[in-house]
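Before I ask anything, here is the structure I am working with.
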Amino acid sequence: MNTGANTAAVTSSELLAAVASRELAGKNTVFAGIGLPTLAVSLAQLTVAPDVEIVYESGVCGAHPSHLPETIADSVLITGSEAVLSMPALFGYVLQGGRIDVGFLGAAQIDRWGNLNSSVIGDWHAPKVRLPGSGGAMEVMANSREVFVVMRRHDPRSLPAELDFCTSPGPDRALRDGIRPRGAGVTRVITDLGILARDGVGEELRLVATHPGVTVEQVRAATGWDLAVADELATVEPPTEAELRLLRAEVDPDRVYLR
Amino acid sequence: MHNPVAEPVRRPDKTTTMREAIAAHVTDGATVALEGFTHLIPTAAGHEIIRQGRRDLTVARMTADIVTDQLIAGGCVRKLVSSFVGNSTAGSLGELRRRIETGQPEPLEYEEYSHYGMICRYLAGAQRLPFYPLRSYAGSDVPSVNPGIRKVTSPYPGPDGEPEQIYVVPPLNPDVTIIHAQRADRAGNTQIWGLTGIQAEAAYAARKVIVVVEEVVADEVIRSDPNRTVVPAHAVDAVVECPRGAHPAFAQGYYDRDGDFYRGWSHISKDPERLQRWLDEWVRGTADHAEYLAKLGTEAQQRLSVGEAWSEPVNYGRRQ
Amino acid sequence: MNTGANTAAVTSSELLAAVASRELAGKNTVFAGIGLPTLAVSLAQLTVAPDVEIVYESGVCGAHPSHLPETIADSVLITGSEAVLSMPALFGYVLQGGRIDVGFLGAAQIDRWGNLNSSVIGDWHAPKVRLPGSGGAMEVMANSREVFVVMRRHDPRSLPAELDFCTSPGPDRALRDGIRPRGAGVTRVITDLGILARDGVGEELRLVATHPGVTVEQVRAATGWDLAVADELATVEPPTEAELRLLRAEVDPDRVYLR
Amino acid sequence: MHNPVAEPVRRPDKTTTMREAIAAHVTDGATVALEGFTHLIPTAAGHEIIRQGRRDLTVARMTADIVTDQLIAGGCVRKLVSSFVGNSTAGSLGELRRRIETGQPEPLEYEEYSHYGMICRYLAGAQRLPFYPLRSYAGSDVPSVNPGIRKVTSPYPGPDGEPEQIYVVPPLNPDVTIIHAQRADRAGNTQIWGLTGIQAEAAYAARKVIVVVEEVVADEVIRSDPNRTVVPAHAVDAVVECPRGAHPAFAQGYYDRDGDFYRGWSHISKDPERLQRWLDEWVRGTADHAEYLAKLGTEAQQRLSVGEAWSEPVNYGRRQ
């Protein structure tokens, strides 16, 4: 246990985890990867959403890990868990079956409609950078009730006017493709500058809150499109003492992800 | 050893009584799936539906057998969706045949499939797909009496380079699925061994799920073997402990199939009055499954008891 | 063990089981139900097809039962078996996956093309007799390499000119429905009078062998259509001493199915 | 106790060496699926493919990670079919990125899917379906670069009463699928616990299946728990015993993941010459996986060892 940690300055990871955790009030099932999303869900379990369950892309449900997991498939997630599902069951019955309230995703790029690129920078056929690709992101986007995106770096390359490639489309692109979307797509984007939000089909992301000390102009300048701003712009409440204590003492005492 | 992440998570306790589970989740006119392929048939749940006098149900069950005949005779069923209607290898279902062959005392709507047709309906239901393709039905008369079975043209050329057609079935999304299992924890993580059938898909396809178990066990028992969990807690709404609740079917490792009962059913169900008397005595005349079992007697239960054949444990490992 | 049994007269079940078992030489996987098919496969395992494996409709593969099973789902088939498959795996991966060499089926009616009726006698909408229906028969027919049918009673009601209803169609009906069939359909019909055979698409069943003492005229009179007869008609070899001994002493000593 | 039915059945012994299994079933130009989702990755089999100098393979693997990068660097791969190309959470695949980004030393064909797209391809393959529908890809750019992903119109009206479209993927039927598992019997009944991933479907989809196991066990071990069998013998062509054959991945209950190796791979693979030296030393320079392990050393193996967490046995029951 790292008892001295509470006096340290708030890191960007702590800020993002705390802010994301609060958005999970009232949620039951969250599809999340390792890292910031796990921290956010773990904190939410200890605060606003005691019953919230993480479903991992590896097929683990109801994990009770003895150690902080290093990957979504870490052996410590499996031993002592409540269920391990095969891939067809996980993606077919749980994800496409509509059992996920909130999916957490990251991406190299997100556009104003909440569409995501995790495939390439540059042209797909001759990319400047080949990124990992969809993994399950396309399914999380298409099937979760809503999606939260955490972007560590809010800049015009990550939030461009146009994606280099759309890997995981939101509902507006699905509609234009002639297919009725199921979920709301991205409803929250939590960045190091503030929070963008949209409610669902037909809406674009707008700035709803900034972190203390961050100006609207800063956020708009760091965004690749002409970012809309909510009428009632809020200031994000920084992590509370209690949140910081839980994150530092309970959730990630070795600061594996709270770097 | 590090602190566990976010331990303990408080899990909701979903245990309840059979009476409450049926009252809460099975409503008149509902579509109710009762699954279990010979093994783990949710008989006790069917009896409680009869006791509560539910009406106009659409019952989905691949192998419509004794419990289905009883539900029909109990006046609960308007429509049956199934792929096999028979008393296993032991004869006929008297009430079902009367309803279909003579329409007496009232007709029964029947939607006929093959086993894989039903399986694919549950698969589509669990996956929230608009349809599921399968290589059955080509040339069968079943689609001519079941307009739900349709064709799709594949967007890929067939093996001969020509367009290829395939039959599809629509999703089945029961209002409630009821399954019987060996054990679950209070949150609903449900473990089955032996024949696992279509239980997982039938559960995931449903809006509500009732799991009836031989035993509610400690969380640690479930968590010692997570691969054994066939239906996870997030897909379960109610957990009912009801030992021997599958009788006359069997529960692998708990009790064997009551072959005498199966053979006897053909005789009971052949005569509508005898069948109603049976229901009055064994179902409507018992308050719950415990009374039904008491009536069955300890000797009969003894006869169905099984010996031991334990699985060899596997090591899930522990980080050191 | 019923040591005196070998001197008893050959029963119809013993005849059918022995004849069916011989047809399994060279086969690996058989989809069979309880009763005559199990007897035939068990005998084949002890004689012409030592490696042949029965896959049961309940999902059991590689059963090693301690007692003769009463149903395809009997608990004695599960305990000590090599694998138990879920229904989607059994029907999807094994049957439709094309892993079955020979499927055994019964039916209320079979026609000259090997199409089967197990649904109704009379009109489907107001049947004289409601039969069990397909179960997995339609899938066994559509997906096995070939299908053997055992008919205990060879008469014009069971082998009619026209089925009352076609539950499980052979490949010719599939073709007429515009769908390319996969297997040969019914290739052997073993009855109490003899053996009918066909090779595949476009062929109708023809009489290829009669049991000793049965005449062609008897078989044709007991068949609802104008039954073709093979140029080289054989006489079925009755169960050998060895086959009878195995059936009576090893396979079904309590004569549960050898009735 | 009655005589068992047809006991003993002689089951073929499919055990062989890795060298023979790869030589027999992996041919130049073949489509080879190597599956295992982070858990039980068939690394040792990949190394043997490199040792034997196979060329022009189409490799299918959902999570193309270190073993894929090694196969590509080993000159074995013409085309990759995948839904995630990355070194887990530990960085990049140097060779794969070079091939795709610069075409050096030669281009790599890449067929991109989402995870569920790959899963559905295996599902269609295992079920011998012409296509498999899924609710992904609507609005994605992936279908624009992968013409295999197409649309079908459902024959049932959508929720709004209008015709409904859905994307489909074609079947994937590898010439050979290679999976790693904890244990199998000599006939090939293969048991996996922990993450079971897509192994069953990838095996059933293939023409030939090689199963690499930590242990070949007695028939009785497998038969004490038939529900644990993920791939039955009838779907397996070769069984290879190869302890620690998944390194640097893990085998639940046998050894843990070698995180250091994953982190190190990004550095090794970044430099093409260093990568080739690594292959020369660790793969081409070792005769088999036993030599690779000896080179890795007992200390490294010790570091990855795991403690005990045994499943509670279940009773399968025995008729008395």
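The first chain written gets the first letter, and so on, giving A, B, C and D; residue counts start at 1 in each chain.
Methods note: contacts are C-beta pairs under 8 Å (C-beta built on N, C-alpha and C of every residue); 3 or more make two chains touch, one makes a residue touch a chain.
Labels paired with UniProt names: A, C = Glutaconate CoA-transferase subunit B; B, D = Glutaconate CoA-transferase subunit A.
Computed from a prediction, not measured in an experiment: that's the story for all the values here.
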Checklist entry - Once you count every C-beta pair in contact for both, which comes out on top, C-D or A-D? => result A-D
Checklist entry - With chain centres set to the mean of the C-alpha atoms, which chain is at the far end from chain C? => result A
Item to check | Distance from the mean Cα position of chain C to that of chain A, given in whole angstrom | outcome: 57
Checklist entry - Quick one: chain B and chain D, Cα centre-to-centre, how many Å? => result 34
Item to check | Euclidean distance of C-alpha centroids - chain C vs chain D, Å | outcome: 38
Checklist entry - Could you state the distance in Å from the CA-based centre of chain A to that of chain D? => result 29
Checklist outcome for this item: Where chain D touches two or more other chains simultaneously, the residues are 123, 128-129, 134-135, 158, 164, 166, 194, 196, 200-201, 224, 227, 252, 256, 306, 309, 316-319
Item to check | Per-residue multi-chain contacts in chain A, two or more chains | outcome: 60, 75, 78-80, 84, 92, 96
Checklist entry - Based on which chains are in contact, what kind of graph results: line, ring, star, complete or other? => result other
Checklist entry - Every pair of chains that touch: which are they? => result A-B, A-D, B-C, B-D, C-D
Next on the checklist: If we count contacts the way the header does, which residues on chain C are in touch with chain B in the complex?
Outcome noted: 34-35, 57-60, 70-75, 78-80, 84, 86-88, 91-92, 95-96, 115, 119, 124-139, 142-143, 165-170, 172-182
Checklist entry - Can you name the residues of chain D that touch chain B in the complex? => result 128-135, 150-156, 158, 164, 166, 168, 170, 182, 191, 193-194, 196, 221, 224-225, 227-228, 252-254, 256, 305-320
Next on the checklist: Quick check on the complex: what are the chain B residues that touch chain A?
Outcome noted: 1-7, 9-12, 123, 126-129, 185, 187, 189, 200-201, 204, 219, 222-224, 226-227, 229, 232-235, 316-319
Next on the checklist: If we count contacts the way the header does, which residues on chain B are in touch with chain C in the complex?
Outcome noted: 37-39, 62-63, 82-86, 88-89, 96-97, 100-101, 103, 112-117, 119, 123, 134-142, 145, 158-160, 164-167, 194-198, 200-201, 250, 252, 256-257, 259, 306, 309
Checklist entry - Which of the residues in chain A come into contact with chain B in the complex? => result 1, 28-29, 38, 41-43, 45-46, 50-51, 53, 55, 60-69, 75-76, 78-85, 89, 92-94, 96-99, 249-254
